[in-house]
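Here come two complexes built around chain A, the first alongside chain B, the second alongside chain C.
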Partner chain A sequence: MSTVRRGRKGGKYTLMEKRSFPWIYAFLFPTLLLFAVFYVEPIFQTFVTSFARFNGYTPPQWSLDFSDLGGTIFRNYTRLFSMNSFGPAIRNLLWWSLIAMTVHVGIGTAVGVLLYNRLRGWKFVRIVYMVPNVISGAAWAMIYRFMFNDDIGVINNLIRRLDPSSHIQWFYSSPAAFWAITFTWVFYAVIVALVVMGDLMAIPASLHEACEIDGASGFQKLIHIDLPLCRNAIGTSVLLSVTSRIAMYENIALTSRGGPGNDTYGLALILTKSITDFNYGLANATAMLMFVFGIVTMQIINRVFRMNDPVY
Partner chain B sequence: MQTTVNTAGHARKLAAAARRSGRSIKPMTPGRVVYLILAYLFLLFIVLVSVYPIVWVIMSSFKSNAAILGNPFSLPDTWNFDAYVSVLNQYSFGRYAVNSLITAGGSTIVSIVFYAMAAYVIAKYNFPLKNFIYVILTLTLLVPGHTKTQPIFQMIMNMGLYDTRTGLWLVYLSGGIAMSLFVLKANFASIPRDLNEAASIDGSGFFRTFWQINLPLARNGLATAGILMFLGNWNEYYYAALLTSSEQNRTLPVSLAYFNQAFSYDYTRMFAALTIVVLPGIIIYALFQEQVTASVAASGVKG
Partner chain C sequence: MKLFQKLVSLALILMMALSLVSFAAADGVVEVTLPTYKTGENVGAIFFEPLVERFNAAYEGKYHITLEELTQDMYTDKIKQLGAANALPFLIEGGDTEWIKQVVIPNDMFVDLSGLIADNNLMDILIDSQVAYNTTEDGKVFSICVPVTRPMGLYYNGSMINLGDKTCADLSWDEFIAVLGDNKIAFMTGENAWTTQLVLGSLIAVEEGGAELLSSHTIDKLMDYNQPCIINAVAKLQKMMQENGTSNQIGAVYADAANAFMSGNAAVIANGSWMVGDFAEDGGKWSNGFNGADVRGDVLPGNVALANNDGFQYWIPASATAEQQEVAKAFILFTLQQDNIEAYMLAEGGVAPKLTPSEEYVAAASKNKLLYEYVNAVNADTIIVPNVGDIMTSSIGNTEFGNLLPLLISGELTPEAFCQQLTVLAQETALD
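Right after this comes the complex of A and B.
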């Protein structure tokens, strides 16, 4: 990474470099402007108005009365926490994050290792595995909705070959709906596979040769050398997959719509519903919660996978 | 010096190639047979879950409703395009596709130039706050897109751009910052610095050195980042559903939610509509398979 050059502090720039500064900042300007308008300002506004009474018709109002925490400055948060759909949304987020970290990243890592081992047909697998990622998430959710349909869906028709009386209402009954939504994403870990494969390819050949001289089996090599050395890739994958769970929307909104009851609700659904109800304060409190979840996940992953330490 | 480095690199590559080919003719011990069987079963499963849903949708779009209900696994008897003709006549798919193309394509073309400019100066020059700027820009990868919903919704409303393609185009401009910077910065960094010095001796200014010398040399990176950005915006559903309401500004992914209501039990036409929405993405991927794979791998590497 370019951090090597970081030792150069201000005043260490050559005249040529200094002469280019106006151009350099002019080149950065459009990107920084987009960043300010679409990231900094929205996140700041989300944060500030998550503490306000804000309905979209009148300007946001803050009441700075700290005497009663529940009723005033944290009103949107207390309201969010007491919503019927909040408990299920958090429970689902935690379970889905756990499944993402273990099963989803596990499947991706396994595919990455197999691709790296270049089994016959690995290129075909790599090409095909990407397909679900290049089509619209909305379309994919719809396809799954039909796959799990009781009349025409392949899943129930397959189950009925074994148990003719079975009629599981996948997206409309509990706990089937939770699992049906899980199936819409859990197998599709092509990003994990590619990132892990990239890190595996960066392992110096000398290490593997040393292993072979020591007589390590393929499995020992995998557990003691390969997987520890791609901990950056695995950490990144865990992080990205959990972030995707926090933001998951289409997979729910176009299938179960959060039902049955509130059983498959997610934070993104609470957020959009609050906006269409013109309850902006509540929407932004939900958004802040998603944001905080993201930051906390990032911190934990950085610690656990020691992402900032050099691997070699 | 240059040659020694190259020879060493070449030798390493040869050794790696030899090792790799050696691996495939390993002796067939019972353990290895079990490993191969399990590995292929697993990969077969991966291939099945990745393509079967789409194949099933396409197959079903050629079957009659009765055939879909009777046996969902059967192949179509005839290649009957009636459902496609009827769906295309009933819905302005052309319009949805044009809307998707204008918003996704238009924003990609503009923002790829912006991001290329930023990536270029980050890769080639030293200036105060360089690392800070790069890090905060790439951290955007981790911000859940939905957290900015209300401010962006309100901004588009205030600008009078609700339910317009311009509004959606504007929002899509900011997509893919992090991924584009990863890909483009690496690409510009690999272009020899000597070129810039030679250009400045020849009297080429800052902008011309970028536009006429570096940009053409970075076309691989531009294609890689651009295609992934385009696919992301082309498939985008959340903001498209939120920021448009009328049929004339509807994009392809959003149109799906409406078919569902319209064709409730007309499965053949539903599947034909799904195929029409899904196919362009697959075709783009088929054409630019290498770039898509490269950009996905790159965007994950430095999360």
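Right after this comes the complex of A and C.
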């Protein structure tokens, strides 16, 4: 297959193509401008000021003394890595990512498959499953605060029916706080369900018919046809779920606030805390780390799920 | 057809232009929006909302202030964010003291109010030490405070505990706890753990060297909590929270703590005089037979009251337009009128040292027995010190202190470890 798609006669463009260049650039310009202003420039600024002493109000100050890297140019990074809350934040990120990749995406995929098969009541399930998605994460976090309340919360009251002496401070004791925060997002996988359903619906009917002729059971169809053909959708879902964990803020800030102690800290919380203490250099170093984690996650998932390879 | 389209377009443009002109010219009222947390259910709303209404009425046709509702714990952060975006409102009440001292004042982001003070002889009424605190090295005045000092103490439910012929000024915390018995104190760990902070402040104040420590760190925040007076006070707080804390104290926000008190689940709550209004009438906040008439106001045990006159209040950002500055100055002067200061004291308590009270005020104040009792609980021997939150850096006072309290209550952190954690966190937040 030829990879040369454009240009003829020794790589030169035709006159007609050349005439259309100004129009192509003209139509691309607004998009490029928006991309440069709203994406490239902030990322560049964040990167540059992550090496600076910067309070967000006065001009950033850089120290270009490379003789003491930890104490000068990389001051914000060394400070970030030595923070008490950094270790728990990374540990939590790894665990939440693992749960997102397996349980969260698993639930979403299962719901997607159930909806696709149009079992009885599927329309009702679809609506019920969609509703939480139209409620903001912040509102959910508040609802969960009440649900997990020790005095009036429905969860503790149910537990007390079995064990009257039980008093679990869900958001304020370890390890309950980690799981309580996990429960605020793990079941809500509407996006995953929709993405998977989209891929399932694109599977040619002839494939399923061939399976049926060969005598494959419903489970065999699912394992050998449906799920492999949803590889890109599942990969995309894993990517979205993990990057959401990197940026997760409301679910923590509005419930445990990173506590008890720093047991449920996340990188986004370190970032906002740094801003609260108007240490924007440190906040931007945290942002860069989140950015790098996002890129690395994307690369790994692209490879593992072979996202760039054709499925069919 | 094309001609018709052109005519319609021109007509629409003309109409839009005319509507803009008429909006600006016909009305003539300078309208401004004031973000504040003193609205709705916030205790500060009892005084502040009517004050703004009176201002709007007094300047009808000239100025109009519309309140934008914010929650109290997000106010300072919101103001900082607006500052970073160069979009500060026309008038600001206080804010993060570190941000003000390290960013706003050094960068001249405020309007100098010294002229306003001189032109209106405001030194006749303002508290000298407050003005001095607000005066920069080059003689500019950053903010103007309402000249009322309000030492904070506690409230207790007289139907649940009986101090006999004694007051909290006569009792140590140990003696007070003995009287308290199995009754509870409305502690909280959510938000900035306000009511818990007040109790801790009073416990530190009675420790050796504690009062001096609290008084000396309102400007340069405390970075080392590994001090005997704090460790001892935290140990006492731990015992109190374990034995006399309400069942909802962990994770409780201010509304939960107040609800615990006004539902009879707690017999004591530490808070400022502004809470008096909550006990004047039910207003839907009372339950379980709670009666505001049973509430008594006092200083904190050990004869401690908490007050920090070193603070910032109304200031005008330099980014405000000339018209906005005019409204802001008019509003500041309005709040300093005698009737408004007296209305403030009636609603939220406090004393205005330079004000000669009017007869109307004296008559009204004497009717509010609780407020009168609360304000007059302070005597010559009362130890008046800043609250512990005043000596903490922003993130420690607003979040981290409350985050560590559940571990202190559960015993996972000893008082020494609790103070060590605070120290580490304080040093992490320090600007380099």
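Just so it is clear, the second predicted complex is superposed on the first by the 277 of 312 C-alpha atoms of A that agree within 3 Å, B and C clash if a C-alpha of one lies under 4 Å from a C-alpha of the other, contacts with A are read in each partner's own complex, and residues count from 1 in each chain.
The criterion applied here is as follows: a residue touches a chain if its C-beta (ideal position, glycine included) is under 8 Å from a C-beta of that chain, and two chains touch if they have at least 3 such contacts.
Since this is a predicted model, take the numbers as computed values, not measurements.
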Task: Simultaneous placement of chain C and chain B on chain A, clash or fit - done: clash
Open item on the list: Which partner chains sit in contact with A:D151 here, chain B, chain C, both or neither? Use first/second/both/neither.
Closed with: both
TODO: Could you look at A:G258 and tell me whether it touches chain B, chain C, both or neither (first, second, both, neither)?
DONE: second
- [ ] Kindly classify A:I24 by the partners it touches after superposition: chain B alone (first), chain C alone (second), both, or neither?
- [x] first
Task: Partner chain in contact with A:G137 - chain B first, chain C second, else both or neither - done: first
TODO: Considering only touches as defined above, state whether A:L94 meets chain B (first), chain C (second), both or neither.
DONE: neither
Open item on the list: Quick check for you: in the superposed arrangement, does A:L239 touch first (chain B), second (chain C), both or neither?
Closed with: first
- [ ] Check whether chain B or chain C contacts more residues of chain A in the superposed model.
- [x] B
TODO: Return first, second, both or neither, reflecting whether A:L207 touches chain B, chain C, both chains, or no partner chain.
DONE: neither
Task: Stretch of chain C penetrating chain B in the combined three-chain arrangement, among 79-87, 97-105 or 313-321 - done: 79-87
TODO: State which residues of chain A lie in both footprints, the one left by chain B and the one left by chain C.
DONE: 56, 151, 275
Task: Residues of chain A that touch chain C when the two form their complex - done: 53, 55-58, 75, 79, 83-84, 145, 149-151, 169, 171-174, 256-262, 273, 275-279
Task: Contact footprint of chain B on chain A as seen in their complex - done: 1-3, 5-6, 8, 10, 13, 17, 20-21, 23-25, 27-28, 30-32, 34-35, 37-39, 41-43, 45-46, 49, 56, 107, 110-111, 114, 117-121, 124-140, 142-144, 146-147, 151-154, 157, 187-188, 190-192, 194-195, 197-199, 205, 208-209, 218, 233, 236-237, 239-240, 243, 246-247, 249-250, 254, 268, 271-272, 275, 280, 283-284, 287-288, 290-291, 294, 298
- [ ] Provide the residue numbers of chain C that touch chain A in the complex, in ascending order.
- [x] 77, 80, 83-84, 96, 98-99, 102-103, 106-107, 109, 189, 247-248, 250-251, 393-395, 398-399, 402-404, 406-407, 410, 412-413, 421, 424-425, 428-429, 431-432
TODO: Mind listing the chain B positions that touch chain A in their complex?
DONE: 12, 15-16, 19-20, 23-24, 35-36, 39-40, 42-43, 46-47, 49-54, 56-57, 60, 68-69, 71-73, 111, 114-115, 117-118, 120-123, 125-128, 130-131, 133-134, 136-137, 140-155, 171, 173-174, 177, 189, 206-207, 210, 231, 234-238, 242, 252-254, 256-257, 260, 267, 270-271, 274, 277-278, 281-282, 284-285, 289, 292-293, 296-297, 300-303
